[in-house]
Amino acid sequence: MATTPSRELVAVPNPHPDRVYQVEMVCPEFTTLCPMTGQPDFATITITYEPGPSIVELKSLKLYLWSFRNEGHFHEDVTNLILNDFVAAAQPRFARIVARFNVRGGITTTVTAEYRSDNYPAWA
Amino acid sequence: MATTPSRELVAVPNPHPDRVYQVEMVCPEFTTLCPMTGQPDFATITITYEPGPSIVELKSLKLYLWSFRNEGHFHEDVTNLILNDFVAAAQPRFARIVARFNVRGGITTTVTAEYRSDNYPAWA
Amino acid sequence: MATTPSRELVAVPNPHPDRVYQVEMVCPEFTTLCPMTGQPDFATITITYEPGPSIVELKSLKLYLWSFRNEGHFHEDVTNLILNDFVAAAQPRFARIVARFNVRGGITTTVTAEYRSDNYPAWA
Amino acid sequence: MATTPSRELVAVPNPHPDRVYQVEMVCPEFTTLCPMTGQPDFATITITYEPGPSIVELKSLKLYLWSFRNEGHFHEDVTNLILNDFVAAAQPRFARIVARFNVRGGITTTVTAEYRSDNYPAWA
Amino acid sequence: MATTPSRELVAVPNPHPDRVYQVEMVCPEFTTLCPMTGQPDFATITITYEPGPSIVELKSLKLYLWSFRNEGHFHEDVTNLILNDFVAAAQPRFARIVARFNVRGGITTTVTAEYRSDNYPAWA
Amino acid sequence: MATTPSRELVAVPNPHPDRVYQVEMVCPEFTTLCPMTGQPDFATITITYEPGPSIVELKSLKLYLWSFRNEGHFHEDVTNLILNDFVAAAQPRFARIVARFNVRGGITTTVTAEYRSDNYPAWA
Amino acid sequence: MATTPSRELVAVPNPHPDRVYQVEMVCPEFTTLCPMTGQPDFATITITYEPGPSIVELKSLKLYLWSFRNEGHFHEDVTNLILNDFVAAAQPRFARIVARFNVRGGITTTVTAEYRSDNYPAWA
Amino acid sequence: MATTPSRELVAVPNPHPDRVYQVEMVCPEFTTLCPMTGQPDFATITITYEPGPSIVELKSLKLYLWSFRNEGHFHEDVTNLILNDFVAAAQPRFARIVARFNVRGGITTTVTAEYRSDNYPAWA
Amino acid sequence: MATTPSRELVAVPNPHPDRVYQVEMVCPEFTTLCPMTGQPDFATITITYEPGPSIVELKSLKLYLWSFRNEGHFHEDVTNLILNDFVAAAQPRFARIVARFNVRGGITTTVTAEYRSDNYPAWA
Amino acid sequence: MATTPSRELVAVPNPHPDRVYQVEMVCPEFTTLCPMTGQPDFATITITYEPGPSIVELKSLKLYLWSFRNEGHFHEDVTNLILNDFVAAAQPRFARIVARFNVRGGITTTVTAEYRSDNYPAWA
């Protein structure tokens, strides 16, 4: 019955590849470690994307986010790393990662990174 | 006094076909089954459309959404299926389905799909 | 001391006709009857407009909305009727009616209709 | 298909008469007329009761509250009248009516009246 | 059509003198002047009472609260004065005045005063 | 991978039987059918209990609530039935079921039923 | 220690005249009189502006808004008058007044008026 | 025009010494320093008291709280110190200090301390 | 600069041992593992206590909660374990642990456990 | 263990300089002094920027904001000063400072200032 964390995001065929539509997944249970102090950091990760040929399987996303649990990552860096991994796995038309980290030193940090495919309209 | 679910969406004539206007219907009682595990899924379905020749009768929408209760559907797929059925029944100028599914595995998923008729302005 | 409902919307001269500005009136006490069952319906009506030569007198709006209390009207129809009456009385540059009806059959319906005068900018 | 308002509250046998339990019904669609001016008043009625031999049938409550729509009633009086009618129909162990009327003259009024049956514990 | 402020609270007979019940009136439009600086103060006044032989007429309460508009009063004092006037006019079983004053000097002040008639139960 | 609904609530030994403590489980995904019309009803079920010799296993509670999905039940009745089943399975010191049903006919109904074991203090 | 209301808005030099930036001041304590009935009206005034050569001194704004306390003004008119006075005093690049008046006759009114200087970009 | 912080709380005679009533003052602008690191701490201080012979003057409370700005204090200690000073100055029947400190290390701390005069009822 | 998790809660002398007062610490960043599946669980831990001879040092509490990060614990058990550890370290007059776990299987679980010292009043 | 305030903002290399992304930091613990009265002012500072070659180190931002604690600054001026310092330190593509000051004289002031680098798109 045990499951394990995995860095592999599983992509399955998009059931409606002819339509441009949007999927948003909100994950309030992301945790990693501060590379300076080793102490835990916590964030809510929101992934918004327009599927291309594939959609990302929900359970693999859960295991993927789990895989950061005991690694050290800076806020700005890990947000971009998640975007890179997501784009590589899903080849979306568009993807955005918003990472809202919990307050540290009285300051709350949110990092937002976007990917747009080559044929994505500039004005959107 | 009993009523039964029905996949038929009833369209009636639009009383103001000469004006572009918008109708939004929020349905927090949508439930279906997960095709993998057979377990219930729950979502709030929001339908927003600009009527063309017809408007959709409210009671038939209630029976239509009920008809998914004991069927297995994936999140991304069923959102697009509802949009397809709605467009076929109502021939709207514009229609959007937003399906906000309840949290599973610590992750909340929302799927948004839109339809625009041929003469719908590109800039809207 | 008694007052009575009235379908007449009273328009008075706009005190600042040279400036484009906006007035919004939120009326959470609109009620009418369902034409099918005769049962009461309830809605919050929000009127937003840019005055032309006239502004609408607040008390007459209260009596106007009251006048629908014991009449049968469909949601989509009555929203457009209110917009027609408002435009005829006030000759605004722009007007929008948003009618948020209470939940029926587990579904909440909102109807939005807009009027733009001939010289109203298309891009606004 | 038409239904009509009715002052009769229908009581049906309590399916669990041996247990003390509580039922609360919130009705945000109550409207009546001001006896002084004839103008509409609006309120949210909350009924909380502990059933005795009977429970009140939900549809009859809807028709009962509807029956006040075109009658004139003062706030303090109508709240007590509803409590009297409810107690007569349902013979509850305990009943409370809270009527939250909409703002008039910048002031929002709430009236709360309770009934306790003879054998109701004083300390409850 | 003009009305004027008045310090007289009008009491009318309680329509249900045999039942103990509660009336609450929330008045967010109370304003007076600071006796030290002459500058305006603002408060929300909440009056909660159990009627005795009389109930207080809503319109007279509006005119009563208006009568403080251009007078100078300290927070703690005016709250008790309103309670004294209310008790003298209505002879209630119980009355409570809560005055929530707007922030001054970064501090928000709320004053609460209660009256209990001689035969009011000590444990209530 | 498929699972099935089950009326059996699984109890496991309480790991801290010597301490009185409380467990609350909020289940917003309860759905059943109206015995009159056959149409779906929806509720949020909140279970609060003080464990006796056993605690209830979370997954079995999920399958238990699922088992009502296609059965007809009245609001007041099903709340008491769930309490009966829970008490029989868990033998708690105290248990309370709060069932908040979605709005029907403009009215929202909440049913609350409690169980107290023989040695439960009367004043608690 | 006493201060007095004053219709004069004091402008002081903008410390950063070379940068386009925005200042917003929210004033929930505006009160005036209804010109028809003489009764008090209340509003929250929000002033948003892009400073030109001057910024408006906060204390003078407080005394300015106080100066309307015992004057009669219609909602639509007074909003535009405040905008006129503000523009004359501060010569801003852009200014907007939003006046949210408290509910009267069951209806809440908000008036919004804007000023744009000659060289203000049309698309902003 | 300058003012300075002061540890002296000014008490003035209670205008209604014969009535038991309550005053609450919420001060969201309290700041002090951490005695370990010298870094700023922030808290909202809520003072609730029942006046005895005196009430505390609002402006002196503002200057009193300001006086902690550049001193080092531990959370638990400073809350009790404020209570001691307040009781000494005002001789209240009852007083309570609630200090809600901002999050530090992912943890939010609130300290609550109360004073009851000798003749204060034990059951209150 | 690195710190490490630690099961040791550090107690320091209570600076006001003669007064009964309360300290509440809210810790939204508690995470542990499910002993059945090995997957992460998340909770907000709220600790409320009345200090006896000692108060608990805030930083040591942070390190203590961190120490559960990679251990497997059941909801009901770990809440009681934290209470046991806290009582052993701080010898409080009273302590309560509320653990609000994130939703699993559509159900949100909260566990509440309390400790009262021998001389703690029964009626509190 | 002591730290001290510092006006130096520390910039470190942007780990993803090839992607346009956004960082937002919300700092609710900003305090300075009023240059007129010497009394404390409080604000929430929100910094939003698109990194260029550098990102700003979080701890240095905390020490930077602390450095204003005992200096006198006007609202409009200090917001622009923070923007100037931030741009000088980080050389961002875009930066915006929003400073929401606490209510003074019944009025709440928010100042917003933006910087756009030379090659920043005009339409963004």
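So that you can tell them apart, the chains are marked A, B, C, D, E, F, G, H, I and J in the order they are listed, and the count of residues begins at 1 in each.
The criterion applied here is as follows: a residue touches a chain if its C-beta (ideal position, glycine included) is under 8 Å from a C-beta of that chain, and two chains touch if they have at least 3 such contacts.
Given the structure is predicted, the values throughout are model-derived calculations rather than measurements.
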Per mean C-alpha coordinates, the chain lying farthest from chain G is F
Just going by residue numbers, which of H-J, H-I or B-I has an interface where over half the contact pairs are the same as at A-B? H-I
Chain C and chain H have mean C-alpha positions lying a whole-number Å distance apart equal to 51
Mean-CA-position distance for chain J and chain G (Å): 28
Could you grab the centroid distance between chain C and chain D? Build each centroid from C-alpha atoms only and quote it in angstrom. 32
For chain B, which residues are shared contacts with two or more other chains? 28-29, 42, 102, 104, 106
Every chain pair meeting the touch definition is listed as A-B, A-H, A-I, A-J, B-C, B-F, B-I, C-D, C-F, C-G, D-E, D-F, D-G, E-G, E-H, E-J, F-I, G-J, H-I, H-J
Footprint of chain H on chain J - complex, ascending: 1-4, 28-29, 31, 36-40, 42, 66, 69-70, 102
Quick one: which bits of chain G touch chain C in the complex? Just the residue numbers, please. 74-77, 79-80, 104-114
For a test of understanding, state which residues of chain F touch chain C in their complex under the given definition. 42, 102-104, 106
Parts of chain C lying in touch with chain G, wherever the complex brings them together: 14-16, 19-29, 51, 55, 58-59, 61-62
